[in-house]
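Which chain is which? They are A, B, C, D, E, F, G and H, in the order written, and residues in each are numbered from 1.
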Amino acid sequence: MNEVRDILTAVRDGKMDVEEALQELKLQPFQDLGYAKVDTHRKVRQGTAEVIYGAGKTPEQILGICQNMMENGQKTILITRLSSEAAVFLQDHIPITYHKQAKIGIVGTIPSPSGLGKILVVTGGTSDIPVAEEAALTAEVLGNEVIRLYDVGVAGIHRLLSHMEQIMSASVIIAIAGMEGALASVVGGLADCPIIAVPTSVGYGAAFQGLAALLSMLNSCASGVGVVNIDNGFGAGYLAAMINHMETRP
Amino acid sequence: MNEVRDILTAVRDGKMDVEEALQELKLQPFQDLGYAKVDTHRKVRQGTAEVIYGAGKTPEQILGICQNMMENGQKTILITRLSSEAAVFLQDHIPITYHKQAKIGIVGTIPSPSGLGKILVVTGGTSDIPVAEEAALTAEVLGNEVIRLYDVGVAGIHRLLSHMEQIMSASVIIAIAGMEGALASVVGGLADCPIIAVPTSVGYGAAFQGLAALLSMLNSCASGVGVVNIDNGFGAGYLAAMINHMETRP
Amino acid sequence: MNEVRDILTAVRDGKMDVEEALQELKLQPFQDLGYAKVDTHRKVRQGTAEVIYGAGKTPEQILGICQNMMENGQKTILITRLSSEAAVFLQDHIPITYHKQAKIGIVGTIPSPSGLGKILVVTGGTSDIPVAEEAALTAEVLGNEVIRLYDVGVAGIHRLLSHMEQIMSASVIIAIAGMEGALASVVGGLADCPIIAVPTSVGYGAAFQGLAALLSMLNSCASGVGVVNIDNGFGAGYLAAMINHMETRP
Amino acid sequence: MNEVRDILTAVRDGKMDVEEALQELKLQPFQDLGYAKVDTHRKVRQGTAEVIYGAGKTPEQILGICQNMMENGQKTILITRLSSEAAVFLQDHIPITYHKQAKIGIVGTIPSPSGLGKILVVTGGTSDIPVAEEAALTAEVLGNEVIRLYDVGVAGIHRLLSHMEQIMSASVIIAIAGMEGALASVVGGLADCPIIAVPTSVGYGAAFQGLAALLSMLNSCASGVGVVNIDNGFGAGYLAAMINHMETRP
Amino acid sequence: MNEVRDILTAVRDGKMDVEEALQELKLQPFQDLGYAKVDTHRKVRQGTAEVIYGAGKTPEQILGICQNMMENGQKTILITRLSSEAAVFLQDHIPITYHKQAKIGIVGTIPSPSGLGKILVVTGGTSDIPVAEEAALTAEVLGNEVIRLYDVGVAGIHRLLSHMEQIMSASVIIAIAGMEGALASVVGGLADCPIIAVPTSVGYGAAFQGLAALLSMLNSCASGVGVVNIDNGFGAGYLAAMINHMETRP
Amino acid sequence: MNEVRDILTAVRDGKMDVEEALQELKLQPFQDLGYAKVDTHRKVRQGTAEVIYGAGKTPEQILGICQNMMENGQKTILITRLSSEAAVFLQDHIPITYHKQAKIGIVGTIPSPSGLGKILVVTGGTSDIPVAEEAALTAEVLGNEVIRLYDVGVAGIHRLLSHMEQIMSASVIIAIAGMEGALASVVGGLADCPIIAVPTSVGYGAAFQGLAALLSMLNSCASGVGVVNIDNGFGAGYLAAMINHMETRP
Amino acid sequence: MNEVRDILTAVRDGKMDVEEALQELKLQPFQDLGYAKVDTHRKVRQGTAEVIYGAGKTPEQILGICQNMMENGQKTILITRLSSEAAVFLQDHIPITYHKQAKIGIVGTIPSPSGLGKILVVTGGTSDIPVAEEAALTAEVLGNEVIRLYDVGVAGIHRLLSHMEQIMSASVIIAIAGMEGALASVVGGLADCPIIAVPTSVGYGAAFQGLAALLSMLNSCASGVGVVNIDNGFGAGYLAAMINHMETRP
Amino acid sequence: MNEVRDILTAVRDGKMDVEEALQELKLQPFQDLGYAKVDTHRKVRQGTAEVIYGAGKTPEQILGICQNMMENGQKTILITRLSSEAAVFLQDHIPITYHKQAKIGIVGTIPSPSGLGKILVVTGGTSDIPVAEEAALTAEVLGNEVIRLYDVGVAGIHRLLSHMEQIMSASVIIAIAGMEGALASVVGGLADCPIIAVPTSVGYGAAFQGLAALLSMLNSCASGVGVVNIDNGFGAGYLAAMINHMETRP
């Protein structure tokens, strides 16, 4: 129900005077003014998945939210930072696929990929894969074709260079690395598409839980690189999905 | 000249044997193998501007680079971090427009805007404008229509909200703020397009030359936000231009 | 007993000479000089609760302190940072209500609210609720009416704006947020009452255990914001209670 | 003019239909909806001064803003972080009093003090006085009686203790200190009113431009202490003024 | 045996020629040259305790070292950072007194106190007591009379002031505090003897595991304060013992 | 198989024309161009060990890699950061020697030492030994004679000086220390060979997990010191081995 | 005049009743209670110099303070952080000796040395000398014999070792170093007297303005080391003077 | 003269008894014991240059040191961090070549190169050249052939790859980069020789004056990389020279 419309109708019908209506409008929750799009800003486009941030929620809470969404017709739900224990609990109640490494649960069907092109997810090492899978699965659930290219760190640059074809043809690249985070700069120098850089907390000592990689990526000498928080695979996958679904806005 | 072709031709003509050719190929500079696209990765698309990073270069060096580019047919050149003194020197030799606040010089004509839509540049305060202009002019030179929306910081949220129309219709938003950098999160929550967040060194005390804003933006609770280096207006303008020119890649 | 009075009486009665008295006074503990108000500075006003910081104390120690206070007529005791185990132990000996999320135990009755108006406790997310409850319960025990407004983070600004009525009518607002901590600035911009900002350690990566939110809040572009330590819900509740009980001091 | 009223009137008069009005309302700037209080949140109460942040504005810009305010009937204007040069320029055009140490300019008359009581401004050393004067003058311009108590650092605790009378009778205390910032804790322990702590950048070496004092104040073992940014005298004066003007809010 | 003397004797007796002796001397371990005092620098004066740093050593290793020392006539051994488990093991083999809070084990007898005067150990709170006990027991084992004055933090300055007699009569004061570490400055301002300041990791949030207290103490506005590492009770006790045993050196 | 040779042969034999070959070459993985040395850059010289970084790999994965290497004729394999559990698993399948302290597993035979001279591994304390053993074993596996000199920290400089002979005759020195990391400077001042400095995370409080030692070593006042990451024994051993095997390069 | 005595006398003489006297005492400034020693805590012993911290004071202010002190019979005044310009001004009015490198001015006569022994001031390099001179002159003005031993950094340990005699015979040692600050540990290991360590801001890059040296010194593996603030030569000289004048306190 | 020999001779000749000699030896400066090599540890090999650190020395001091060295037969002197002004002064008195960019002055002749091979100096950008020249000139003065390869940053990896021949044939590589410092990892992955990584303070914002590059290089995923201080070109050149002159040590 749209209460603003009700107020306007009451005014039109002489059931409410102008001053009274003015007063009422001040108190209206904003979304009633038609800012529904505000409420739905998290959707890249119509029909895509809802997202639940699983950390800090009980299995029961997550189940409740899922069931509510499903009842409201949501076809795909992405649950991030979902523990194995919670996943086991959920599997008893709803159809859910759990990706252990990425700590991601997916309820419902992954939509067939759309978008401008492919999203390439590259990592510097094998230890970065959990973050990479969070990014890749997020992008897939949001309707993107994802190419995975793991363990192509800059210490063996030929491994990266031998995949130039994929790098050159990607629509968006998510570059994920811990330690010194040099991957973002090198990939940024090779590719001519937007790069989302994700520092990871992989490393020890002066890696300072991802700080070294973060600073490195922010200072990338390559153009066209945007950085997200340490280990934030979801954020990178989401932003990449947005970019890969860019459309003309008149 | 393409030396790899020469080698292949020599092999075909029997003037060089296979082992000898193999040896030669190992030593070839990479670009000779046709990786010209590597060399040109800095171009968002054909015909756009070349960029010169002016800081740390003498006026004479900048002039030399410009003249060389112009002789090679470059129609538009963007010079960032260009001092007033260097600009005055250049104006005696080449046609250049100097934007003092942004410290940007533009040689040649700004192309008429293309791309998917408009790039919105928003700032938290008036002190952020130099960085904003660097971003805006960069985006314009790279062929984008830019809307400027300055001094709409979150301490007066109604100023920002009164421009919902522009926020909702933007193709990409560059959110620029110093101090606590909250603008990126608020804008990220309102818009449904990619946000490039630029922390600025505006502020004092615990702003720590932009560190507070940087950390704030990296931790944005809104999805779809990528961050660039402190005060890096150029990087934001460049990435936004890339995103605004996304095309289908089969 | 007031020893200073005894000394003075002895001097008056000629039982102690002046020099001797002078010497004695130097050694008197300060409170004996009537600085009893120094000793009781922790009381917001007469009759309110005593506070015990539970962390680092054994259940037996806490019990002892409580029993001592109760014997001295204390009607309400607030125990912060109280573990579940200690709470269980205490419940066997004294009437105590334990609030698990806030890790707060309350002995005795919560006084009926007084003060100038209502204290509004707002949080950015649901993960901030433990800190918020520590603040809210502290304020309630200290005799304040508290309104809770949780999970109204700035990434969905309409959620916050739809509660303008409460924000505008609050006497003091406690703004609690982790991650980028932008809530304090936005609320500070909307309200015209004092804001106590509480950064929380909620977040990961570049949140650096609350540092990002702390710096953000210290740099708030809104006026009228004071900041307390990370996760310091008690401190915020206490300060808010003080402000809400301001009285004319001639 | 209130456009929302116009729209409502048009609906009442049948000159605009409900759907059309609904569409119009979505685009209305927020203040038109009566959020004038949002716009005026910076006023502690009716009739007080407007504030201009002088840093980063040209003397001409400041003059323009002042003249505009004065034409609109503003009786008192506070200009913070105003350089001597700008002050000299302004003095040629408008009646302004310049406080060099505090870098504050005051246009118009300082209102006679109101509020619940006195604001006490204490500093640890003489080097903290510029920040203290910014706080004190801000509070005075906002209609408060201010008591100054400078150079009473904790290394000579008797200096502070000899002013117990003032400390005990203050309505709000602003405690300003650099170096180790211990003043806030000691004053917080002595007083029973809210304390606004201001770390200053006074000190050298491991003071790290105010970081030591900032951390010290955030960790104050005394209750009832809120902290503002390093060197932020204005913020402290403003918040203290707010607290000193607390009124019953039903 | 002194090998240098042997060499010299051999030279004197003509059994070794000068060049040969010169060569030998280059290879002599330094202590053989009589730098025995180098080797024994850890002794404050003849007859005092040996110290074993227990962390990172197995119970068996500690036992071995103790037995070796005891066989060599050592009367008192101080073992710091000794775990409860290791203490239990040791108690089966050698006479040892274990102080659980301080994690200190003492083998043998504590010497009767000597030195210039008393060492006063003060703490800000009760949570600082483990560090304080490490300091106090270290000083006692090294032959000092120790006065303990715990939980006299600056938030209740009268508690500290009521012990002026002890503060004024101490020979050396060890000031131990976490959180904001203001105790060192206040005590330093009251006393006229050397102060050893020990920051502790007590606190949370912006205490950053003792960093706030450390910076605070290093920036103490009081003269005569030396700082040791965070939680380094042993170091403070040792340095205080040294100072309390100062003797004339001609 | 070398695909580049195949292409060249096809060109020579007229089975592929030049343009077609040119196109093919662009897509060739780099190592096919003969950059095999790129691929083998991790080998100090022919015949030495392969290295597996054990952290973050499952025992099964490590086993698989080992078996693959062994089938390809690898005689010696060094596994770093290998957990006890993984070592136990591996011992059931392949001949492996496990060094628990260093967390290093060695498959196959350690080659007899070669190189220019000896590598001296010195540590400041006994707690640094795990890192030292990682360095020493790495160097040994890579064909170097290693001298161990442990617990010769600078607080007892005579211990270090009594080993001048070894210090002066070393080919490369690996100086390993936590806490204040002064060992690198002192050894660097004594020796006339390259020093590899390894800060360790040994220490507490202001050691900040190795940061103090790291900064100390980077600022060494001695010349000829290169630093590796905190606790990076492997990196130091590897670099030392490289330096100890320097050969004439024409 | 002692007001407390007056009050007591009035009570004794029956001119003031007990309650009235009690009230009066509450308001007495503390020093009137005989806490004169509090006021004079900055004096190491009777008759020594007063200290003025020159930074942030105008030449006129310094002159005024000096003249006031001199009129009150002060024989020696130490002015630290005194600029050349201020010194030139002072020289026109009072007899003052200015030490440019140390930025120290001394008014009056330096007392002949007393104390237990000699204070040894050692520096790592020549760039540390300004801080060293501040320490040395401070100690001399406070009545100590000072031995200077400069540029004996640990990179050439023999330079330090060749002065073992002086190190062993010192009463207190002030160890001053920038860069890696290793000097404190090495000296602490050689000497058997208290060491005051002073980190300096000498160095560049990762020296971080003295932070590296500060952390290094706090983590010294030698016992008996206390640290003061970066570049705080005065603080070290003062503390050393205190220690060198230790006396029996019954 | 060797005083130890004199003592031994006196003992042999019966002119000094053993106890007396023992006493004398304790006081001998260490170098007299033949540790002359300690004193000359700064020489890579006989005949090379002496080094003067010019920063913080007056032109007159530098001149004095140079003249003294020249009188003692020193053929080549390297002066680092030499200002233009000092260089101009020196040129009036001694034959000196000044390299302005590197701030290096060279007195005398540069020796003809020796060593195992060539030292390759690579930089990420043109702004890194001053540091690179400091490194290159240092290495040349110390008798090494140096190849310069500037502005081959990783954002254009082909530039680096086109110089594989030089990278593969280098004896030691000095990799110099600011911003994200990724160059060290990429070069370390390509080369099979020791890499000395030098972070520079080039960059802005989150480069934090070289911290980003420093952390990046310390975390290099390539093996065989040692890091020196930020901007420490001299240190890198010196260490590289040492490594390039490695010789067999029996």
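The rule we apply is simple: a residue touches a chain if its C-beta (ideal position, glycine included) is under 8 Å from a C-beta of that chain, and two chains touch if they have at least 3 such contacts.
A quick note: this is a predicted structure, and the numbers were derived from the prediction, not measured.
Listing every chain that touches chain D and chain H alike gives A, B, E, G.
Repeating the E-F interface with over half of its contact pairs identical by residue number, the matching pair from E-G, G-H or A-H is G-H.
The greatest centre-to-centre distance from chain B, using averaged C-alpha positions, is reached by E. Taking each chain's centre as the mean of its C-alpha atoms, chain A lies 39 Å from chain F.
Within chain F, contacts with two or more other chains are made by residues 26, 35, 38, 41, 156-157, 161, 164, 189-190, 205-207, 211, 214, 218-219, 223, 229-230.
Under the contact rule stated at the top, the pairs of chains that touch are A-B, A-C, A-D, A-F, A-H, B-C, B-D, B-F, B-H, C-D, C-E, C-G, D-E, D-G, E-F, E-G, E-H, F-G, F-H, G-H.
If you check the complex, the residues on chain F that touch chain H are 35, 37-38, 40-44, 51, 116-118, 164, 168-171, 189-194, 196, 214, 218-219, 223-230, 234-235, 238-239, 242-244, 246-250. Within the complex formed with chain E, the residues of chain D that make contact are 124-125, 153-157, 161, 179-182, 184-186, 188-190, 203, 205-208, 211-213, 215-223. In the complex of the two chains, the chain B residues touching chain F come out as 2, 4-5, 8-9, 11-12, 14, 17-18, 21-23, 25-26, 33-35. Of all the residues in chain B, the ones that touch chain H in their complex are 26-27, 29-31, 35, 38-39, 41, 55-57, 199, 201, 209-211, 214, 229-232. Residue ranges of chain G in contact with chain H, taken from their complex: 126-127, 156-158, 161-162, 164-165, 202, 204-207.
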